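Here it is, the structure in full.
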Amino acid sequence: MTREIEKQLSAHQEQYKNRGILLVRCPDQPGIIAAVSRFLFQYSANIIDSSQYSTNPEGGDFFIRIEFACEDLQQKKEEIKTSFKAIAENFSMDWKMNFPSEVKRTAIFASKELHCLRELLFEWQSGDLITDIAVVVSNHETARELVEGFGIPFVHIQASKENRSEAEAAQLKILQDYEIDVIVLARYMQILTPAFVEAHPKQIINIHHSFLPAFVGARPYDRAYQRGVKLIGATAHYVTNDLDEGPIIEQDIERVNHRDNIENMKKIGRSIERRVLARAVKWHLEDRIIVDGNKTIVF
Amino acid sequence: MTREIEKQLSAHQEQYKNRGILLVRCPDQPGIIAAVSRFLFQYSANIIDSSQYSTNPEGGDFFIRIEFACEDLQQKKEEIKTSFKAIAENFSMDWKMNFPSEVKRTAIFASKELHCLRELLFEWQSGDLITDIAVVVSNHETARELVEGFGIPFVHIQASKENRSEAEAAQLKILQDYEIDVIVLARYMQILTPAFVEAHPKQIINIHHSFLPAFVGARPYDRAYQRGVKLIGATAHYVTNDLDEGPIIEQDIERVNHRDNIENMKKIGRSIERRVLARAVKWHLEDRIIVDGNKTIVF
Amino acid sequence: MTREIEKQLSAHQEQYKNRGILLVRCPDQPGIIAAVSRFLFQYSANIIDSSQYSTNPEGGDFFIRIEFACEDLQQKKEEIKTSFKAIAENFSMDWKMNFPSEVKRTAIFASKELHCLRELLFEWQSGDLITDIAVVVSNHETARELVEGFGIPFVHIQASKENRSEAEAAQLKILQDYEIDVIVLARYMQILTPAFVEAHPKQIINIHHSFLPAFVGARPYDRAYQRGVKLIGATAHYVTNDLDEGPIIEQDIERVNHRDNIENMKKIGRSIERRVLARAVKWHLEDRIIVDGNKTIVF
Amino acid sequence: MTREIEKQLSAHQEQYKNRGILLVRCPDQPGIIAAVSRFLFQYSANIIDSSQYSTNPEGGDFFIRIEFACEDLQQKKEEIKTSFKAIAENFSMDWKMNFPSEVKRTAIFASKELHCLRELLFEWQSGDLITDIAVVVSNHETARELVEGFGIPFVHIQASKENRSEAEAAQLKILQDYEIDVIVLARYMQILTPAFVEAHPKQIINIHHSFLPAFVGARPYDRAYQRGVKLIGATAHYVTNDLDEGPIIEQDIERVNHRDNIENMKKIGRSIERRVLARAVKWHLEDRIIVDGNKTIVF
């Protein structure tokens, strides 16, 4: 990490030292908000922002994200977390309480196409992506100079169909060593094994270069060109063991026309991929996403 | 109103007979959500949807929209409203509680260009705009056949700079007779007097055919063409006594290029105006908007 | 047709009486534009607008659309057409020369969902769709009042899987009787037989309620909801015998989020379908489209 | 320039060594296209792409961009240029003939906000911006490391209201020394004198951080926030001596809402500025733009 980025992160931690974020999912019933808001009020916490969603008020699921501010939170946060358990149990909540001052640690997996990696580094350097990019892993050397220029460790792990298990063993060790919270596949192009994916549920974000579910799988721009579509797109999603079938976080598109050959579509596509992935990662880092089966709720 | 639309409205009233919407604005302080949610819980009301916004958690303003469901609401709603006053006073709230089953009564003001009027009637007929369009007022006869075809009274009131006060007197009488809640200026093209506007605060929605604050005033498409812009737009806003300066509800744009002459820009613009106005009216009818000075909060 | 629309069409025919449009497709080679422009120059025709496209300058296909103005065109047009044949043969052209004053005759096929039909009638009435809507055919009575209100003949032909061949025989007779050039399926929802489709190559435009190739087939909004997409869309395409696989003319999308249930998606989708279909029909009527295999070139 | 980018540029020059681009503006009259296409045919040049536009077929202006391919162009290009003069005179043409193999030399002027500079370097490195970025000039040291990392000379010239004439003298010398064709103001934030601007007509591209003509001048995001707009935008334009009034090349927008404070608007705005400026510079480098008074024609 460069000194400039270090200073940005410290400033962020200072600014948000009294902030907490509560993410909840539970069966819907009257009284949830009353209970949670009374709880926070007891700790003199002020609700800064809250968003909720009910799949179906009669007997569906209830989701809420609450951002709160509370003086001297650093001293009180463990106590708050502990005493929230009673409410959580009462309402059968699936929940977590995070603190923006505890910056998440990110690993980026890259390959030879660097536009998504560059965009993330770019946004990071601009202070628009609050995280500690702890390591970049790649199966090629292409990104080394770029990555090391940002003061980030770059680890080359040769990976292919043939050596998948050894490669993943090496990758898993890296993730452990660097205490990684989030893995971003920035056009990594290698398929991960079920074991790897299951070890990181809702922690791996991938960018697919089409608007899913159109053009699942390989060579989406070639197929978009063949089909004569008038829009091309990109999709950021959590990785599951069904290829390109994980919960979608964000999608976007651009117009194309008959003049755009495959090469052009790829150029246009790169700019879509960049912004879609950057938004998805940002929302994940800001604890804005709750996964609901194969869907995401983005607050 | 045609029988088909009457049936739609009745179905809506039946479906939403137990729903209430609370809109609040007050100085921010801890405990507001706790107090409101406890209040609703006491009436066994389930919070279906809630959105809040704080301008500044330390000493700013707090805004919330809560949609709740409550059995036998029709019997209880007056009591709920009355007993809410204590909380409202406690927190110095500016508030209202509306009920979707009490359908708002709308007057549309039109002139010779009918695309916005048609769009509203279209969306109304499709069931996408829940209101009672009680009357259409126009300073021309152009829309009579269209309007009467929908079973809506059409009132022609000649209006120009010269007879403004008589015209407005006649219009005000119509608004009173029809017990109007919302006035939509669907390309009405006449300026209203301060007296008229002040009599209907936050109740008059206008569509301006540019993305404000660009091209305030007359002939925006001509001026957009002269300036060589690459985007044209439209803006729906509440009417205040500063021409085209009222709180903006919604804006949208489309791309244009050098081939688009003024006539073309008007064509493209019509489709933007239609959808921008329809969205703004819809949000107003659904009680999604809180006006904050010269801005809107759209929940 | 109402008198107002009749007047608009007459005005259009007068305004464009000296305009011609040439659409060409041929193997690429040097000299095509030189030959065509010299030809037009000999007739004192001024090229108003021209667009061209080459799939691949070396040995690919060449496409051009030329709009020209020529004094006394009505007297000369047959001669121009005839004498162009020599050039066309020379370059192995697939071509047509149309005249905007010869207004195309359109049949709209509708069913019970009327938003697309209404949009076309709306745009037609506003003068934004230059055609003679000669007849509306439907397998339900729902649209009769609306259609007849515009002075357009409405023909109810009951159609289902069971009576497909009789229904199509009746439809084909109608198309013949009304001398139809363009058939628009405005959410017609019935599958047409190969015989019907082949009798009208590149003449039938359909609107599909998804961004193809995602969600081919039935119930696309339900499936979009299940998949948790963040964008929904619509696609206008020429009908071929492969369901939803014909050449795409236009597509567009809107954002949705977790709050949008299927009903909401349908509402949002209706506004996308309306504008996508209206644009596609407009471009077809203005002779802007050349079909190239399974793609369209829209000039 | 890094070796990687050098290789890309060489590959481009080789690929396009036989390509030429003709840009023409002249009074409209029949026969222009015939004359030009015959001329190119005589040199066995194949028209790869052509776009034209007439402001008004009767007595207006005519604009055309023709991209042609011609074997052994490098040997013939001077002859073609010379012999075109006869046609150009005949039709009173304002014209230029450029060759993609003659890569334009660009100077970027930057200041302390680096997102636009970074985007241009990013696109350049990805091969999406074909130019020789010969020098970066800045009135701050902030960008030095970034720029020199790309192997580009970085020149710091202190500039403020007080020393404008000396600063511009130094800048002009740099532009001359580096034989600059295009100047890009990538959030340079200093006003240029008329003398400087007039010395580089249609050669200076600026990015303004609003959708012009809204929010001309300083602090547009602050003013957008105050006005409560629902869209913010950016505009790339050629610099003239009327502040923010030069011919617009490209504009784009993003949605904002009441939750977006000024800081947020700036973040969102940065991503709009980046892509709008990158597109405008790309179109300029590809000789796609003809300036027509205060408008641009972008082919």
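Chains: A, B, C and D, in written order; residue numbering restarts at 1 for each.
As a convention for this text, contacts are C-beta pairs under 8 Å (C-beta built on N, C-alpha and C of every residue); 3 or more make two chains touch, one makes a residue touch a chain.
Model, not experiment: these values are computed from the prediction.
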Chain at maximum distance from chain A, centres defined as averaged CA atoms: C
C-D compared against A-C, more contacting pairs: A-C
Chain A and chain C: spacing of chain centres that average the CA atoms, whole Å: 43
Chain centre separation in whole Å, for chain D relative to chain C (CA means): 37
For chain C, residues contacting two or more additional chains: 53
Interfacial residue positions of chain D with respect to chain B in the complex: 53, 211-215, 227-231, 233, 247-253, 257-259, 292, 294-298
For the chain C and chain D complex, residues of the former touching the latter: 28-34, 37-38, 40-41, 44-54, 57, 69
Chain B residues touching chain C - in the complex, by the definition given at the top: 114-115, 118, 122, 126, 128, 149, 267, 270-271, 275
